[in-house]
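Scrolling down, you'll hit the structures one after another.
Next, two complexes with chain A in common: one pairs it with chain B, the other with chain C.
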Partner chain A sequence: MANDPIHQFHISKLVPLDINGVDLSFTNSSLFMVATVAVSSAFLIATTSGRGMVPGRLQSVSEICYEFTANMLRDAAGSEGMRFFPLVFSLFVFILVANLFGMFPYFFTVTSHIIVTAALAMLVFATVLIVGLLRHGFGFFKLFVPSGVPGFLMPLVIAIEVISFLTRPISHSVRLFANMLAGHITLKVFAGFIVSLSAMGAVGIAGSILPLVMTIALTALEFLVSFLQAYVFAMLTCMYINDALHPGGH
Partner chain B sequence: MIFSRAWAASETDAGHGAGGADVFPPFDPTTFASQLLWLAISFGLFYLLTSRVILPRIGAILEVRRDRISQDLSEAQRLKEESDAAIAAYEHELAQASANAHKIGQEAREQAKREADAEREKTEAELAGRLEEAEKRIADIKAQAMAQVGEIASDTATAIVGELLGGRISKAEVTRAVADAGARKA
Partner chain C sequence: MPQRNGTHRNEAGDKKLAERLKSLDERLRDEQKTRVEEDRPRPDNAGFAQAMRLSTEFIVSILVGAFIGWLIDRVAGIAPWGMIFFLLLGFAAGVMSVMRSAGVIADPRAQWNEGSDNSAIAPHKNSMDNADNSAKNMPSKRQ
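For the complex of A and B:
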């Protein structure tokens, strides 16, 4: 069982809680969600509490996070999009910190569960849909009618656009979920090879160098993926928000 | 392969809940409600914290810094303009002072020239007066001499004529004749 690459995704109840037959227990997943929020908030609040005119290193980290996300959103959705800055910022930081938490051995990776990423993706999808319809009414559906398409192709193009819009939350959530899941499984499988091989005597120990190198390389890659997937999720959120604000202009 | 292992793992996992014991954990619907609830609580809290506390604070820090930088820049600009103005004023005053000095020099020169001219004119006038006086005196002396010349001439002529004619001519006649001769000559 120590070698089982799926074991790390198991959810175990820490504080059982059952309301009307619905299991709402505080689990290891819940623990890491709370820890993610607690650590991110504590870091962001503590490092900026000095309000230094000249920022120290840690304050710079918070400021860079702020400006990085703000620029991302402003570039994608314009200054109007800045109303959604808290949403994009909290999504980016939450996913980034949750992903990085997953890099600690024995830690649970919150974002390796489809229901979590799907919930975040649906939050974005619902925001886009509601804001788009409230701001533009039926004009929001211009999103599905690209300009400069010949008339006979129009039904086909509209169908494609509608399908691609409706599948957005799926691709949005599965991308993050699958990356985290696959990365952690691969890491675990290669790390497991080291253990199994080194149990096979001298030859095995020599042979286990290869998966060891692989595991080290994959660990580095996984850190990159952790950041990249958080960035991609936030970036797509920015682009979808842009669609809600300017449905005709793409 | 992963799924078959997952099945196997789940089946042997005694600690797992009864509901989804034989499912790949991320696809186990019995955990969905709990995950959604705690995600909503934790992410909702995080959203509130970022939108109410963290982002306004960092935004304020950055804005204060931006304001301060632009304020410092404008202050530097103002100081530069002030020093430029001071330099311009200094140069203006220097030019004025040099012009003043020039004017004063010019005036002094003119004054001196005027005084010298006046002095010279006075001296010249005095000299001219004295010259005139001298000339007048010379003319007087000359006229007196000329008058005496006539008298001498007539005396001489009377003496000569008297010698020649034996004193038979009056002195008045001789004087008249001499004056006539003088007038004819003139």
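For the complex of A and C:
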């Protein structure tokens, strides 16, 4: 049904593939992930291949992307954190391009599925855990032991810290997923109002101006949210990496 | 005569070149300034981003606490005590993470002074705040 706001999130198999009972089909979600990676890589490679000293318009877009992420990472995790620049930059560009792709009519929004965002968040979480444990060994667990806490409060504070640490990958993934999902449903619902109202004669057509205005406003908001969610995801990744590099404060 | 003329012309050319380079420098600097300023996120965006962060973190903390409690109840068979205790702990964790981030807005400096004689978690909170701070001040720093 065209008016079903959930319909846009349906996964359809484009190339069915079944290996030993594991469903590895190439779906529309996979297609848009591949497209996201291809478009962002092609854009970055094409715009930076000229390496002009005075960048052209497109090259400066790439450079602003680079500088934006690099400053974000350097501010949050210090120059040591720049080792993780490829990870943070890839995440930022992937999420940004995937979100903006979702703004095209009839396109699939990859980040509106929690399995995708959860995979990205688990990637960050695992990186933080592994880097923290490799660099600091058990000293990494100082992250859970704030200094200057009286002994009798220690178990309680540690439990709270552990819970807030475990919260990270979940809130990291849910935030992106929920924002994209809710935004696209709202957009679709208001756009659906226009269609159903305008079927009701002259009064309906006059009335449908209101949801039309709302849809336009929501589209603008969704563009903002697309950028903001990519930014928030990358920024929190930087902060978590900072925790892995410097557990227990600075 | 021709020699003098040549050097004269060269000097004039050098001067002209220097002037042109200078004006190019200035124009480039202006250009860069405007371009960079346009593309940076405005501080209200940062506030919006933070609002989203706070709300999800608070809710998810409570849910994670409840889930851990439920798991412990299942494993140890002490229902409902694990759930009750860890739900409260999750709530505390949620409040803590919100306060940590919100403290950045208030003024980290003021918290330093208050925190030292106030609560037990204050010293840790401050160190975390500084980390948060550097990350979150970034957009406003660049305006």
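Observations, loosely collected:
The working rule: the second predicted complex is superposed on the first by the 248 of 250 C-alpha atoms of A that agree within 3 Å, B and C clash if a C-alpha of one lies under 4 Å from a C-alpha of the other, contacts with A are read in each partner's own complex, and residues count from 1 in each chain.
Basically, a residue touches a chain if its C-beta (ideal position, glycine included) is under 8 Å from a C-beta of that chain, and two chains touch if they have at least 3 such contacts.
What you see is a predicted model, and the numbers here were worked out from it, not measured in a lab.
Look at A:196: by the touch rule set out above, it reaches neither chain B nor chain C.
Of the two partner chains, chain C is the only one that A:239 touches; chain B does not reach it.
With both structures placed on the common chain, the touch criterion links A:114 to chain B but leaves chain C unconnected. When both complexes are overlaid on chain A, the residue A:86 reaches chain B alone and has no touch with chain C.
In the superposition on chain A, A:37 contacts chain B only, with no contact to chain C. The residues of chain A shared by its contacts with chain B and with chain C come to none at all. Those residues of chain B lying in contact with chain A across their complex are 2, 5-6, 9-10, 12-13, 15-17, 19, 24-28, 30-43, 45-47, 49-51, 53-55, 57-62, 64-65, 68.
Against chain B, in their complex, chain A makes its touches with residues 1, 4-7, 9-13, 17, 22-27, 29-30, 33-34, 36-37, 40-41, 44-45, 48, 51-53, 55, 59, 62-63, 66-67, 85-87, 89-90, 93-94, 110, 112-116, 119-120, 177, 181, 185.
Within the complex, the chain A residues that touch chain C are 54, 60, 64, 68, 71-72, 75-76, 146-150, 153, 156-157, 159-161, 163-164, 166-167, 170-171, 174-175, 178-179, 224, 227-229, 231-232, 235-236, 238-239, 242-243, 246, 248-250. On the side of chain C, the complex with chain A involves touching residues 28, 35-36, 39-41, 45, 48-49, 52-53, 56-57, 60-61, 63-65, 68, 86, 89-90, 92-94, 96-97, 120-125, 127-128, 130-132, 134-138, 142.
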